[in-house]
Amino acid sequence: MAFDKLELNEIEVWDGNHAAAQALRQAQVDVVSAYPITPSTAVVEGYAKFKADNLVEGEVVMVESEHAAMSGCIGAAAAGGRVATATASQGLALMAETLYQASGMRLPIVLNLVNRALAAPLNVNCDHSDMYMVRDSGWIQFDAFNAQEAYDLNLIAFKVGEDHDVRLPVVVNQDGFLTSHTAQGLHPLSDDDAYNFVGEYKPMNDMLDFEHPVSHGIQTEEDWHFEHKARQHADTMNIVPAKIDEAFAEFERISGRKYNHIEKYDMDDAEVCVVCMGTSVETAREVAKEMREKGIKAGVIGIRVFRPFPFADISEALKDLKAVAVLDRSAPGGAAGALFNEIAGSLINTDTKVLLSGYIYGLGGRDLTKKHLVDLYTELQANADAGKLLTQQQQFIGVRGPKLAFL
Amino acid sequence: MLEIRWHSRAGQGAVTGAKGLADVISTTGKHVQAFAFYGSAKRGAAMTAYNRVDDKPVLNHEKYMEPDYVFVIDPALVYTSDVTVNGKDNTKYIITTHLPKDELIKAQPKLEGKEVYTVDCITIANETIGRPIPNTPMLGAFMKISEMYDIEFFKESMKRILKKLPQKIVDANMIAIQRAYDEVK
Amino acid sequence: MSKQQGWDEFEIGAMLRSFDGKIDECPAFTPQRDRNYSQNSSHVASVADWRLIKPVYNKDYCIDCQFCWVYCPDVSIISRDKKMIGIDMDHCKGCGVCVEVCPTNPKSLLMFPEQADEETEIASWPTKDEKEE
Amino acid sequence: MSEIKKIKNLKEFSTSADRFEGAHLLCPGCAHSIIVREVLNATNDDLVLAASTGCLEVCTAVYPYTSWDASWIHIGFENGSTAVSGAEAMYKALKTKGRLKQPDRNPKFVAFGGDGSSYDIGFQWISGCMERNHNMMYIVLDNEVYANTGGQRSSSTPIGASATTTPAGSVSYGEKRNKKDMVAIMASHNIPYSAQVAPNKWKDMVKKIQHGMNVEGAVFINAVSPCTTEWKFDPKDTMHLADLSTDSLVFPLYEIIDGHELNITYRPKNIVPVEEYLAAQGRFKHLFKDEYKYLIKEWQTRVDANWAYLQRREEARV
């Protein structure tokens, strides 16, 4: 190896983007094909700087659009090596076509999706519209609630996605600015420990193996298309969850940090609970703790693995609760929130009596304050006490003007 | 929980200053958070940056803050933005200005009755670093007012954080930090 | 490959292999007849049923110029050691390009109805066309 | 750099072992496969190929059959170029890291696309690949129409051609705009080599492909591909149409080195009137009505002017 290693401190103060870039460096990614977009740009800039400083040996291909970025990733992954990129928002929208192609071709690629609102109106700040837009694109999706997790989940993403029984691309979500540009203290792994965890890339059906020529991205008509998609879905449902468990367990062994498909906080005896994603999970934990002091048995569930969606974990965790709020950070566009629907889907056909309400919040970076969450838990407790929803099923929080509520 | 709000213009180094401060504090075993509000506005636009410091992990990601300290590193912002917003009774204001404190408060009555400290970070930066980057001097002033760390320890820590810069610039920053420490009133 | 094959019976990914097993050198050095094609190579498939008319090859007039070989869109002219030796009727779609590019007089390739008998047609092959330039 | 395959004459060329297989699903008489065979047979090196969505792609890799005996990838309509550029980047990375499985091989990276995926929807992607100067070749199979989807106009469709989205009718002569000059546009990226080729001039083709594969950097090739279905001629006449296209100078054959030095590589002994080229194709049939005959004259004037321009550029040696 001709590149230099970095000596890291036990605690480094990094923001989420830099944490992700460090993970790409430690995983010794072979090709980064990318196009810059706020707030994800620093992930790619970070990798490019590592290359400029001889800290990685991979190729940096700065293409002319996000669609080309993922196209380049697909070509590189099919050629047979470790591949990663980063994008957000409109960039993801432009890339969307190729996301389906990457997963259908069963190519492991790690995409750092730094969650940002979708125009119009144009907005560079965080919401989860981009994450939701590609939720059915066949990618495994992890969600980081802070910079440490963005780092950890990148390493885990390579390990899971590249497994020969999985061979699926992985999105690592983090909140734009709230995580990507927020510096916090992290405990990174050493370069050796991180690389040994991810492991050497093991090629499969690689185009650069000239002893086994392979055609990638072939066409299937109605006689075969369904079988290919069925296989992909079956593998995602049947194989991927256990592979994620294995990777989480091994990661815990080397780091002491334990990850789960859903992250439960104070749920053992909880009566009311908030289900959400991103940095809101942590803010909700802080508020839940304060609500406990006021006598409300509050808990929080954070969705760590958004795809494959943890239906069984959710229904088990929520079945005995009295009232649950599901927070969706995306404009629902004439429906219930997507996470609300997933949670509702996890509970239907069970005999739970839990009251479910949905909240749309935080669009375009609108602050989710502790006060919002205090009010929300208070409302949940009122529902629980009444044994029925006292509000409409869908409410908007944090928006100016007359109260918005639907359904 | 210690909370700090920075008022700055984009390009004046508030984000770097906030992250640098977080880095120094982190080495002492405390938990830190440093972030900023960005828009699409370019260099020169008013912006805010934030620090949170606590003995336990910082979980709160809300942007709303009732700060313990407000740093104003550009002299005009004290007039053009409300630096006292969400202030508490005991919030301390460290403000970059060439004016004496009483004239500043006369010019901006919102500061009346607040705990205000003044230091001319712009002039200090111009005279030491050679550029109007007032972030490190502000931290020198903060060390004096907060008595958070011994100034020599703080300067040593900042040397480590600035180590990628040319030695001349690092040295100039050390002088700037010390001057602001000495000159803040 | 069976049409009955289920979703769990093929390799993951929208991919196909050209050959069975490993190939030791670039296929550019291995004649088609010596290759170990997989069941997923179109080489093992046939498009003979596309054909309405077919080329018949009369080697008596052939000068082995290889125009038919280079211009065949369906890789159906079989050449060995610089000699034209026949037509791969599994892959020929009957386009007639080979006949058009044949420079001999009379032509060494002519199109006939699919059901025509090759020996009969060769026996009654046209003679030299004097009007051709 | 690998050894260039020796091909003195057609007999020697015919000893090539094809890496493109029959029983593909292209139309009888399709020029695409003739061009692909000439390209693939021009080299003995390993190949990493890509195709953008289009006739070639949908006819050569339909489950459960592939017609390709070399590594091949298709992603979408617009990104065959970028797919191969990504593979080329991976090759470089693995070479640096010493992780190539067969480090002694000298793969060539080649992407194919139709004029739809090249002149139009994939234009930006190709431009990106050329600008980044990947060590790759991009080849347009230019049949001047969206043949795969049934004959819609492209920005390569020439004036007067009837296409399904620019049909000739009682008050229209069809396409109103002339095709854009892709070779000039791509040469303007200052790539080491760009050229126009035709399948009937196989030797010129092989020479250019070999040259292109052996220069370091991005290469752009525009290949005229007469389309029996959309140009509306009998499948047996594909090579006749190719001859008419080069000998009428509608498709002059030339190369541009380093973005500026232009060489004409074929000068027809007998230049065929453009009218003959147009008359051989159903898509131009309506131009022979009295009211549109002026367009045929304009065609000839345009082709003459372009030929004069190419000759002036060649002479100028700039």
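Here the chain labels run A, B, C and D in written order, and each chain numbers its own residues starting at 1.
Here, a residue touches a chain if its C-beta (ideal position, glycine included) is under 8 Å from a C-beta of that chain, and two chains touch if they have at least 3 such contacts.
In this text, all values refer to a predicted model and were calculated from it rather than measured experimentally.
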Find me the chain with the mean Cα position closest to the mean of all the protein Cα atoms on display. A
Mean-CA-position distance for chain C and chain B (Å): 79
In angstrom, rounded to a whole number, how far apart do the mean CA points of chain A and chain C lie? 53
Quick one: chain A and chain B, Cα centre-to-centre, how many Å? 34
Using the average of all C-alpha atoms in each chain as its centre, how far is it in Å between chain A and chain D? 43
By the touch definition above, chain D meets two or more other chains at residues 46, 61, 63-64, 66, 68-70, 105
Among the residues of chain A, which are close enough to touch at least two other chains? 105, 210-211, 213-218, 220, 223
Using the touch rule from the top of the page, what residues of chain B touch 2 or more other chains? none
Category of the chain touch graph - line, ring, star, complete, other: other
Applying the document's contact rule, which stretches of chain B touch chain A when the two form their complex? 15, 18-19, 22-23, 26-27, 31-36, 38-40, 58-64
Applying the document's contact rule, which stretches of chain D touch chain C when the two form their complex? 10-26, 28-34, 37-38, 43-46, 60-61, 63-70, 105, 199-200, 202, 228, 234-240
Which residues, counting only chain C, touch chain D once they are in their complex? 1, 14, 16, 18-19, 26-32, 35, 39-47, 50, 64-67, 69-76, 79, 81-82, 88, 90-97, 99-101, 111
The chain A residues in contact with chain D across the complex are 1-2, 30-31, 33, 57-59, 61-65, 67-68, 71-81, 83, 97-98, 101, 105, 203, 206-211, 213-221, 223-224
Going by the contact rule at the top, pick out the chain A residues touching chain C in the complex. 104-107, 167, 205, 210-218, 220, 223, 226-228, 230-232, 234-235
